[in-house]
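Shown next, in structure tokens, is the structure this report addresses.
Chain lettering (A, B, C and D) follows the sequence in which the chains are written, and residue indices restart at 1 in each chain.
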Amino acid sequence: MINAAVIGYGYWGPNLVRNFIDNPDSNLLYVCDLDEARVKNLKIRYPQIKTTTNYKDILHDDSVQLVAIATPVSTHYRIAKDALNAGKHVLLEKPMTVRISEAEKLIDLAAKKNLILFVDHTFIYTGAVRHIRDLIAAGHLGDIYYFDSVRVNLGLFQHDVNVIWDLAPHDFSIMDYFISEKPVSVSAIGSACVLGEVEEIAYITVRFVSGLIAHFNVNWMSPVKIRRLMIGGSKKMVVFDDLIPDEKIKIYDKGLLLDLKKKSKDEVYKKIIQYRIGDMYSPKIESSEALKTEIAHLIDCIKHNKKPTTDGEAGLRVVKLLDAAHRSLCKGSACVKI
Amino acid sequence: MINAAVIGYGYWGPNLVRNFIDNPDSNLLYVCDLDEARVKNLKIRYPQIKTTTNYKDILHDDSVQLVAIATPVSTHYRIAKDALNAGKHVLLEKPMTVRISEAEKLIDLAAKKNLILFVDHTFIYTGAVRHIRDLIAAGHLGDIYYFDSVRVNLGLFQHDVNVIWDLAPHDFSIMDYFISEKPVSVSAIGSACVLGEVEEIAYITVRFVSGLIAHFNVNWMSPVKIRRLMIGGSKKMVVFDDLIPDEKIKIYDKGLLLDLKKKSKDEVYKKIIQYRIGDMYSPKIESSEALKTEIAHLIDCIKHNKKPTTDGEAGLRVVKLLDAAHRSLCKGSACVKI
Amino acid sequence: MINAAVIGYGYWGPNLVRNFIDNPDSNLLYVCDLDEARVKNLKIRYPQIKTTTNYKDILHDDSVQLVAIATPVSTHYRIAKDALNAGKHVLLEKPMTVRISEAEKLIDLAAKKNLILFVDHTFIYTGAVRHIRDLIAAGHLGDIYYFDSVRVNLGLFQHDVNVIWDLAPHDFSIMDYFISEKPVSVSAIGSACVLGEVEEIAYITVRFVSGLIAHFNVNWMSPVKIRRLMIGGSKKMVVFDDLIPDEKIKIYDKGLLLDLKKKSKDEVYKKIIQYRIGDMYSPKIESSEALKTEIAHLIDCIKHNKKPTTDGEAGLRVVKLLDAAHRSLCKGSACVKI
Amino acid sequence: MINAAVIGYGYWGPNLVRNFIDNPDSNLLYVCDLDEARVKNLKIRYPQIKTTTNYKDILHDDSVQLVAIATPVSTHYRIAKDALNAGKHVLLEKPMTVRISEAEKLIDLAAKKNLILFVDHTFIYTGAVRHIRDLIAAGHLGDIYYFDSVRVNLGLFQHDVNVIWDLAPHDFSIMDYFISEKPVSVSAIGSACVLGEVEEIAYITVRFVSGLIAHFNVNWMSPVKIRRLMIGGSKKMVVFDDLIPDEKIKIYDKGLLLDLKKKSKDEVYKKIIQYRIGDMYSPKIESSEALKTEIAHLIDCIKHNKKPTTDGEAGLRVVKLLDAAHRSLCKGSACVKI
């Protein structure tokens, strides 16, 4: 039984709390939030949980083994560092930190202390994302040509970070999980159209040596909600639409047929290219809650000292992409090397 | 009654032929195509039409007043120039020409000869596009923040032009029709992922002085067909999905409410931003065929010597955008001024 | 503060429990279920709640004022009767009872004891259903021609009741809420195609004197989930699709134009009928949880001795429709008077 | 080369004309229509075709071998009889005739004259319908539990026939093609809600000895267009949505798992029923125009004296269903034996 605490009871914290309560191998001892009203609400639902507005109370309690941190991103580094120094395992919301150097320091500190540093890239624990990753790893899609992601909706507006820091961590973590090749450069275009301060809409392109191109459309000012990822491969193509309950993944047996045995280039072009349009299928996907799977994995990693799928290194890779996109925006969409 | 001829009976030519036949004010005399089989097929359906494989036969016939040119884009300039020099009014497929200078020369020539030079930007004659344009012109959307267009499907692959030249003319012509402000720069990112020669996928961004950002996703390698344009305004937002037969346009009364009377910036940010989420409505759209409306407009312009909505200048503005996107691709996605 | 208890912690009970905990005017004292494992699970999440496997323990506790009953329908009458006799207000799951006479007896008993008898017709407390009801009540749809409901999916299979008793109470309660006219007859057709015992698929027709026809398609063996209600009126038509998160209701300004001033019948028919096809709009709908609204209404009714919207009479009207449909099935789809 | 004529150039006639012109083995000599304006329009498009307003002109021309009849249904019998008596092969629009006896007489007459009598059940020649029929015939769906069809939209209103005669022939012909078992009874419920004369909305149920139930929803007063057929089998289930261009057919590997080896009935019920939820796939469907395929088949049947897939017998079976549905309506939804 792992004794856990949650710091931050805002948008995401209640999901962490519920899942720690329901996990049979964890025991949720504490919840911390600066807002007294939130803490009071929690107390009505779950009177058995100790509450505090000072996270250091939690760190001083030796019975706590694991701290889940769901506070604003600017506070991640400080709280996670304190928790690791207090000997606690850490689950850290995404994005992991604001700065690359901070992520690196946390990784080093966790390694030195022999503690688990786990980043909450929740999508990696969904049945849909795992299914696509297995398809790619098994070579069923062939060579990957493009990765095209759209994540747009109206709000939630944030004042301290732009839309890239808010929405792109999801898609960067999925890309990082799917594509083993390392990205080489990032360019980003955005517009702070409404308030003129932080970008509310942005388009990001990530390039790879192989020619693979990844593109991300993130937008807080869209009248409709779209959550769609398309992946084009030489053998098959995939559409992942997270808003369709029963058919999230569609796999298309479509592509081009090329007969490359022909000698002259003209013959290849004029005569041999054909579209291959075959069947589509939509596999049954495991529908259990991602956070439940994730927390079970986290507890298993703590118990058996295993490396998590979404460890500090995965978190760092995402922060590097965010940092590069941010610098590209600042430099007028310049191409920024990673 | 205007005597017309169609040059080029490939993908689009049959639509021109059918519409010239059905228009009560036009008389289709000739069709020209280099492919004898196509001409033969035409002759079976419409034995009353004269056919030729040499377009000069048409230009030499003094009874022909109007020539519609639906040949590969590389031949547009030469055929259109010959037709204008022969004293014919010209309907030219999009994109108008390959080079900016060619478009400019055709405009000058038509002006000198006092002939109509009309570019077939078909979308401008759809009920949906006209409806949105009226909304924008009347100020119903408020300030336009973004114009986001997706036009993707599997093929038709073309060997002489890339996906930008093939698909973006549609969306550039729509943007040109909607946005009176002049664009200042274009950047484009693409990938020739399959064959390594012409780009099969591309993302283009057009910037304006006002901060308005326009983005275009064009892709020949998508397993699904998407034709969706989103326009975000300060008052309302529009989604135009050309694949939904009865509800092509949806207008969302959504946006942000800002109370700017507050003095301190912090107060504006923390307390006064709210989402406005109101009703959506989908107006009834005139459903007549765009090409029918277009040809009626063309004939009216010829008869009464009027300036067409999609004249040579409109064609030239689209060619300038295509040219800038193309140069940006060649320069590694550099930002190209217009 | 109303002291409440929940009897039955199966499929729906956990929603009742959560909402009673979160309601600021209620205090959830007890939960009862025959299954010890379920009770144990509850105890882990909510250690503050007393549990029992014998509902009489709850009835004997004088501090309990309200009992919510979410047990199998065959037990409703007995438990509700006991609860009313013990002086408790009652929230009863739908369908209210198996027999018409039982529903009538509960209504009488509650009246005699001056207790609230409330039936959990949850849909009546959704923003979408309330919006449509307001449209109808205000005459915006004109005369109602038809009410066409489809509620199909794969399972949940039940062994003690057929698909009509399982699914149709939702739609009957909505129809009852929308249509003030009394139904005159019911006919039902069904098939016990898989197991040959209870009907897994059924079609029900309800007729009204005015000519209004209501039709219900309920099916446990559908590969896809459909939750769609269409209402056709002389002025407007409504589609309510409960599976579309942001556009549940669409209101169509469509219908027929009839110029009835013409004298001869033939003229009316041949010349004057035209389709009126106008705009569609989708109003913004209040999105708060229906059960939250419902429980607040229930507590308000208890506190101020008000008549609930979904009182025993509403529950009885639905049981009468179910009973008639059931008898029609047994008589080979005969038309059964109500 | 078969010399053909088309009688009736209203809604469907132009499609017949175009397809006879394009078919390389047919030669369209004549078109007949009572409306001079329509004939004039045809003449502008296709000056090579002879026109008349008297169909007897066509029957008197010995060079005509095949007559396609696309006139109002009340005239089918007379014109088809005259054509067969004049020695012409006949393509007859659906429904074949108004009366069962008329259909039987035409079948006899064609047999006696050794002429092809072909009914235009167009759907039978679509790739989608043929694909589903092949699945059923190969046993992939297992036992068929239900056939559920929805065909609703706004208009076209007809004055001489009700919505069943207008829309149900499509679905009856598909059911007839899929289900080899003979139907035993039909019941129909309808409402003449708008004009009070012909039914604008109707629900029809067809029963079979095996327990298979077929249900049809046809409606001229629906604000939205739906064309959806669901077929539930013991092994697989199919949804055919004719309005989705690229994924018309979806095949679901869903159903129930029953372990019938258990002895007691209670055990079977409580423990052994499970849902089987597997993958969905959408096969690639041949997309050529159905009428093109149909006319090629018709000409092949004429040339080689073959029995057509949609012969007079198929037309008669559909007329029998229409007749039974009509009589059920007249008898207050009584169950009518076939």
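Keep this in mind: a residue touches a chain if its C-beta (ideal position, glycine included) is under 8 Å from a C-beta of that chain, and two chains touch if they have at least 3 such contacts.
None of these values were measured; they are calculated from a predicted model.
*Asks:* Trace the shortest chain of touching neighbours from subunit B to subunit D and give its length in steps.
*Replies:* Tracing touching chains, the least step count from subunit B to subunit D comes to 1.
*Asks:* Please compute the angle of the rotation superposing subunit B on subunit C (C-alpha atoms), rounded to a multiple of 5 degrees.
*Replies:* The C-alpha superposition of subunit B onto subunit C needs 180 degrees.
*Asks:* Could you tell me which pair, A-B or A-C, is linked by more C-beta pairs in contact?
*Replies:* Pair with more contacting C-beta pairs, A-C versus A-B: A-B.
*Asks:* Among all chains, whose Cα centre is located farthest from the one for subunit D?
*Replies:* So the chain farthest away from subunit D turns out to be A.
*Asks:* Using the average of all C-alpha atoms in each chain as its centre, how far is it in Å between subunit B and subunit C?
*Replies:* Measuring from centre to centre gives 52 Å for this pair.
*Asks:* Would you kindly tell me how far, in whole Å, the mean C-alpha position of subunit B lies from that of subunit A?
*Replies:* Here subunit A and subunit B have centroids separated by 38 Å.
*Asks:* Which residue numbers or ranges of subunit C touch two or more of the other chains?
*Replies:* 224, 277, 280
*Asks:* Taking the touch rule as given, give the residues of subunit D at its contact with subunit B in the complex, in rising order.
*Replies:* 21-22, 44-48, 224-225, 243, 245-246
*Asks:* Taking the complex as given, what residues does subunit B use to touch subunit C?
*Replies:* Residues 247, 277-284 of subunit B touch subunit C in their complex.
*Asks:* Mind listing the subunit C positions that touch subunit D in their complex?
*Replies:* It is residues 145-146, 148, 154-155, 157, 159, 187, 189-195, 200-201, 203, 205, 211-213, 215, 217, 219, 221-224, 230, 232, 234, 237-239, 250, 252, 254-256, 258, 269-270, 273, 275, 277, 280, 332-333, 335 of subunit C that touch subunit D.
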